[in-house]
Amino acid sequence: AKDEAGASLELTSALPDSVPSGTELRLGDPQLQSVIQASGLDKELTDAGVTVEWANISGGPKSIQAFRADKLDCSAVADIPSLFAAWTGTATKIVFQAVTIDPLKFPIYQLGVAPGVSVTSLADLRGKKIAYSAGQAQGALVLRVLQKAGLSQKDVTLVELTSNGDSYVTALGSKAVDVAPIAAANVKIYNAKYPGATAINTGIRDDASTLYCLTKSVEDADKAAALKAYVAVRTKALLWANEHPDEYAKAYYQDVQGLNEADAKDVVATDGNKGVPATWDNAIKRLQETADLLATEQNHEKLDVNTLVDRRFEKVQAEAAGAQVVTGDAA
Amino acid sequence: MTTTVHAPPDLEKSTDDRRVVRKRLGPGKRIPFAFWIGPALFLAVWAAGSATGVISPAILTAPWDVAIAFQDQWVNHDLLGNILSSLQRAVIGLALGVITGAVLAVLSGLSRIGESLIDGPIQIKRSVPTLALIPLFIAWFGIGQEMKIVTIALITLVPIYVHTHNGLRSIDGKYAELAETIGIGRGEFIRHIVLPGALPGFLLGMRFAVTSSMLGLVVVEQYNAVAGIGHMITLAEQYGQTDVIVVGLVIYGVFGYCADSAVRLTGRKVLAWRRTLED
Amino acid sequence: MASHVGGLTQTAVRVRNLHRSFSKNGGVLNGLDLDIAAGEFVALIGRSGTGKSTLLRALAGLDRGVAGHGQIAVPESVSVVFQDSRLLPWKRILDNVVFGLRGSDAGARGRQALAEVGLAGRETAWPYQLSGGEQQRAALARSLVREPQLLLADEPFGALDALTRIRMHVLLRKLCEAHRPAVLLVTHDVDEAIVLADRVILLDDGVVRTDVRVDLPDRSRSSAGFAELRTFLLDELGVEEENR
Amino acid sequence: MTTTVHAPPDLEKSTDDRRVVRKRLGPGKRIPFAFWIGPALFLAVWAAGSATGVISPAILTAPWDVAIAFQDQWVNHDLLGNILSSLQRAVIGLALGVITGAVLAVLSGLSRIGESLIDGPIQIKRSVPTLALIPLFIAWFGIGQEMKIVTIALITLVPIYVHTHNGLRSIDGKYAELAETIGIGRGEFIRHIVLPGALPGFLLGMRFAVTSSMLGLVVVEQYNAVAGIGHMITLAEQYGQTDVIVVGLVIYGVFGYCADSAVRLTGRKVLAWRRTLED
Amino acid sequence: MASHVGGLTQTAVRVRNLHRSFSKNGGVLNGLDLDIAAGEFVALIGRSGTGKSTLLRALAGLDRGVAGHGQIAVPESVSVVFQDSRLLPWKRILDNVVFGLRGSDAGARGRQALAEVGLAGRETAWPYQLSGGEQQRAALARSLVREPQLLLADEPFGALDALTRIRMHVLLRKLCEAHRPAVLLVTHDVDEAIVLADRVILLDDGVVRTDVRVDLPDRSRSSAGFAELRTFLLDELGVEEENR
């Protein structure tokens, strides 16, 4: 059953409800995997007839590689990968959108400032050496920050530097760059490691969080049905994590990512609560802005991001979240 | 006309040993326990640097903090499990790589046609970063264990192939002549001349293959691994846990050094027929 | 590959118009002709560097890359004692001797051959642990144990003392009588050539210049014929009276 | 009593060549232009796979599309500049690495004390992934050109050291004996025995050093590079531009293959004194 | 390092109670004593495997790892002709000959030495391109060109034909007369020993069993004393009457 593709399904047809037995989803969604397992929601998946083959894959490049080889159906990422997938000819659809309830208070990235360098507001970025990585989320963030600060690329020195592991932290610590976006969760470690180091908020939303899938998988009727079930369960899992931060911290950050208890709790606290938007309108608008910015700054084609989302899942999410959907600014 | 010369009368029958002393040009006698000196010194410098603050902990965690992190990883995070997962991948991959590499080397070493077919592709593979080949391997072997083992096998195949091929081709031609006059077949030629003659080269290749297999882990364990030292290092990098990274590196260093020394020791045993500067 | 010539004696080795050269300036072998009958023992003498080893290598088929032409026919099974002893350094002595030998009794035959050359008890030594003469004897044992149709031996006794050498002579003659191989033996010792060979040939200028049959009823060095033949050969080699 | 045997009368004075034919056990004669067969075959398989659709373009771009991407990179993205930047780094790093590696190998090869000090740290360095050492190098050398060159030098130092050391130690002890009786000093010993004797090993090390230097570029050019093939590949990986990655890989492959062949050719020239299975 | 013994003749080599063994079962040298005066030419004969090379290596200081004890004193400058020719394969013949030789005329001296051993014109050949005897002569040239105080030669003429060998004898004697080194020459050829040496010693059971001075007014092989000495030595070596 595993290798037989289900009947094909038009992207405009309604999502089928019943999942044929033996339908398997290949998911790179490690964070939610832990939550689903910890919360016992995996039983719901089984009941719905969905078999999941979990893959410990996340992030843009690796998920795109796996998509191209057709070894993965969906992966959890931020917003940039689906843009790059489109630009390089891999058709994907976003089937899940999440936001941070208070995105400016709980940003994913902050701007790390090297010890001895004085940057207290975005305006101070003028003339600074800023780490920049064109193809990664951090790169897009830098461009958006500059846009917000009213600066152009010429007003600063962008230092090409790939963000892998802790390369940005190291570059800051050795004063090779003045400013670099670093994960908010790592700021504490950064400050502790390099006396005199500081970090400022970007003041922009960077909370995009999606599950994007190979279009081919969404077009497979069996998988689409399974995905429908998965999106509902994922929604509940996300909300469960909000209410069970300690269990979440243990299940994922401690058991899977290998942090100690205190660090794990810290990370969960810096992450903030997640929400499911009632509609995807705002998320899509922000994605379009990012797409436009990157298209201009990095010479990509213009892109209509509506082709990248599968709004049939919008309602699946909203229904699963029920009254807990977030609306207004937060969304 | 002929005189029998008598033995000189002043024989000193002591057991004194006065030999002719010549300036030694080779490396001289092996120092016992030299094996430990290098790593011990290394550790000493590291410890001294950390204690005096020359090496800041942000750059390189102090040895004692690494020890604590090690213990923490062992007790709380199944370090042993990580090591065993990695070891399993490395060993299976290495075994496959070594066998294929050696077989290809013999095929290409003993036949010019085989060489022209096999050698080029391997040299090209060798010039290309493994990381860039991973997409291909994912397409062919998926993202599971299979892909990881194949990748490691391909990584380790290269040094084995190159060294065995080179070792084989460096065998003194006079032994091939001897074999030809003795009238043996290809199989016996390979067994009795090629393999023992290429053994020193092969063993050098083994030294590189062993370390390559471990370095390969860092690459492959970034893909869909839930355990392994490479996985552990990748994770620790994400969270800036310098001490855990160094735990990983120390494990690499220890394994690498021991594996290397094991191969060299084996070499000393199985190459007992040689008299070289080493002896 | 063996070439059979009609008539009473079979020809084991037949060489016609053999040319070999390593450089454009001059050849080492310049149209050499040679026949060796089956079972015949031929000693080859000649100055250092005249091409004795070159000829042996041609007969053994080991000179693929060397320029030249000519016709050679030799028996199927040939064994060579090289000028260097050429023991495989990675094999112990016994393994060197039985290398390539087939049959379940290979080990026993190897041991016996080693004993015959005076190396009993050294079976498990590495080649580097043998003295020069011991290595040479091990190489000799390796060739003798094979019982070839043609034995090509390049100075196989060069590193042996007089007594050991005589023992090896006796051994070689015994084996020749038993298996009757054709033998081409390079030697610098004219006495040795006369004692052992049915025919002595002298290589000079790339051809066989002298070819004498040794027809002595008594091969002891004190016999008259011995001295006469010896004088003849030393004359041919150019060794002056006073140095003999 | 003695008869002069007459030359047989049936001399055939033709210039026919009938040699004794023995089964060849070595690899035999070199095939002319064999150098090109491997890569040509490789290209053929690649093209055939792409044309028939066996190799999907998402996994590996077709050769003709690579050619187009190559042209695009050349015209619009200063591919030549990238190549030259990389080449400069690789060459300087390689030169430093080769010299240091060879010097260290001789020091450690000829002295047991030197060995116990030098060998251990190098073996340990070798077991540790370069990527994991980069933070150290950044701290010491910044993120400029200096760091990149030092890193490449350290990467290439390893194979040169290991191979030269191994080659040196494999020199037949009888040549050292000869040198001792001839009464030369260390310097002459190194020049006349050690270096020529270790040359085959060194050359094998060179083959690995050359490719390592290029692979090192992929790592170091992730850091603060604005040009270079490694930089180009890294960017393309982030964007998922398979065709550009393959352009990079092809350049690597071509450079690697040519450099490797150059070293081997040099080897054949400078090792003309050897008679091995190669000949 | 040279040890000077009071009296008229200086002692170049002085060996006392020399023991060497390669295994626990038995020694190769078992308390050997030997003196060689400066300028003296000693020939060393003995059965294959009795320890001649072992003794030479001890004198040359090349047996560091070998078990044993005893006292040895030798002159500062020693040159060794090894039993294998031991040319450096990566050096051309001339470079092999002048290897380690100092002085601006090294090249010229090397060329001359090569010419003297009959290898003029082969200066740029690689060792593998020489015949066995040619390699041996190149190794001899390398030793002779050095003019050492002690020459240790391990069967330096083993691979040479009679005529070439005689030429080398002449050459060696000439050089000995010019520079008067002490010489210890291993040979299997009793005639050669008598022709060349001032003294012939026979090694047996790890000691010098026989030590005879060659006091012949006429060294030609036809002289009466020659034959008598030859008979004596062959007797000592154990070679029977009929095989001489």
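Which chain is which? They are A, B, C, D and E, in the order written, and residues in each are numbered from 1.
The working rule: contacts are C-beta pairs under 8 Å (C-beta built on N, C-alpha and C of every residue); 3 or more make two chains touch, one makes a residue touch a chain.
Owing to the predicted nature of the structure, the values given are computational and were not obtained by experimental measurement.
**Q** Work out which chains are contact partners of both subunit A and subunit B.
**A** Where subunit A and subunit B share a partner, that partner set is D.
**Q** Could you tell me the least number of steps, going only between chains that touch, from subunit B to subunit E?
**A** Minimum number of steps from subunit B to subunit E: 1.
**Q** Report the inter-centroid distance (CA atoms only) between subunit B and subunit D in whole Å.
**A** 18
**Q** For subunit A and subunit C, let me know how many angstrom lie between their CA-based centres, rounded off.
**A** Inter-chain centre distance comes to 84 Å.
**Q** Just how far, in Å, is the C-alpha centre of subunit D from the one of subunit A?
**A** About 43 Å separates the centre of subunit A from that of subunit D.
**Q** Residues of subunit C that contact two or more other chains, please.
**A** Answer for subunit C, listing residues that touch two or more other chains: 60-62, 84.
**Q** Mind pulling the residue numbers of subunit B that touch at least two other chains?
**A** Answer for subunit B, listing residues that touch two or more other chains: 22, 24, 58, 135, 139, 174, 179-181, 183-184, 193, 274-275, 279.
**Q** Using the touch rule from the top of the page, what residues of subunit A touch 2 or more other chains?
**A** 65, 68-69, 164-166, 173
**Q** Looking at the whole structure, which two-chain pairs count as touching?
**A** Here the touching pairs of chains are A-B, A-D, B-C, B-D, B-E, C-D, C-E, D-E.
**Q** What does subunit B use to touch subunit E in their complex?
**A** Contact set of subunit B toward subunit E: 1-8, 11-22, 24, 279.
**Q** Hey, which residues of subunit A end up touching subunit D in the complex?
**A** It comes out as residues 60-61, 64-65, 68-69, 84-85, 87-90, 133-136, 159-162, 164-167, 170-171, 173-174, 176-177.
**Q** For the complex, which residues does subunit E have touching subunit C?
**A** Against subunit C, subunit E makes touches at 22, 45-49, 52-53, 83-84, 118, 129-134, 137, 154-155, 158-166, 188, 190, 220-222, 234, 237-240, 242-244.
**Q** Considering the complex alone, what residue numbers of subunit B touch subunit A?
**A** My answer: residues 57-58, 72-73, 76-77, 134-135, 138-140, 142-143, 222-226, 232, 234-242, 244.
**Q** Hey, which residues of subunit C end up touching subunit B in the complex?
**A** 60-62, 77-80, 82, 84, 86, 88-91, 99-100, 126-128, 146
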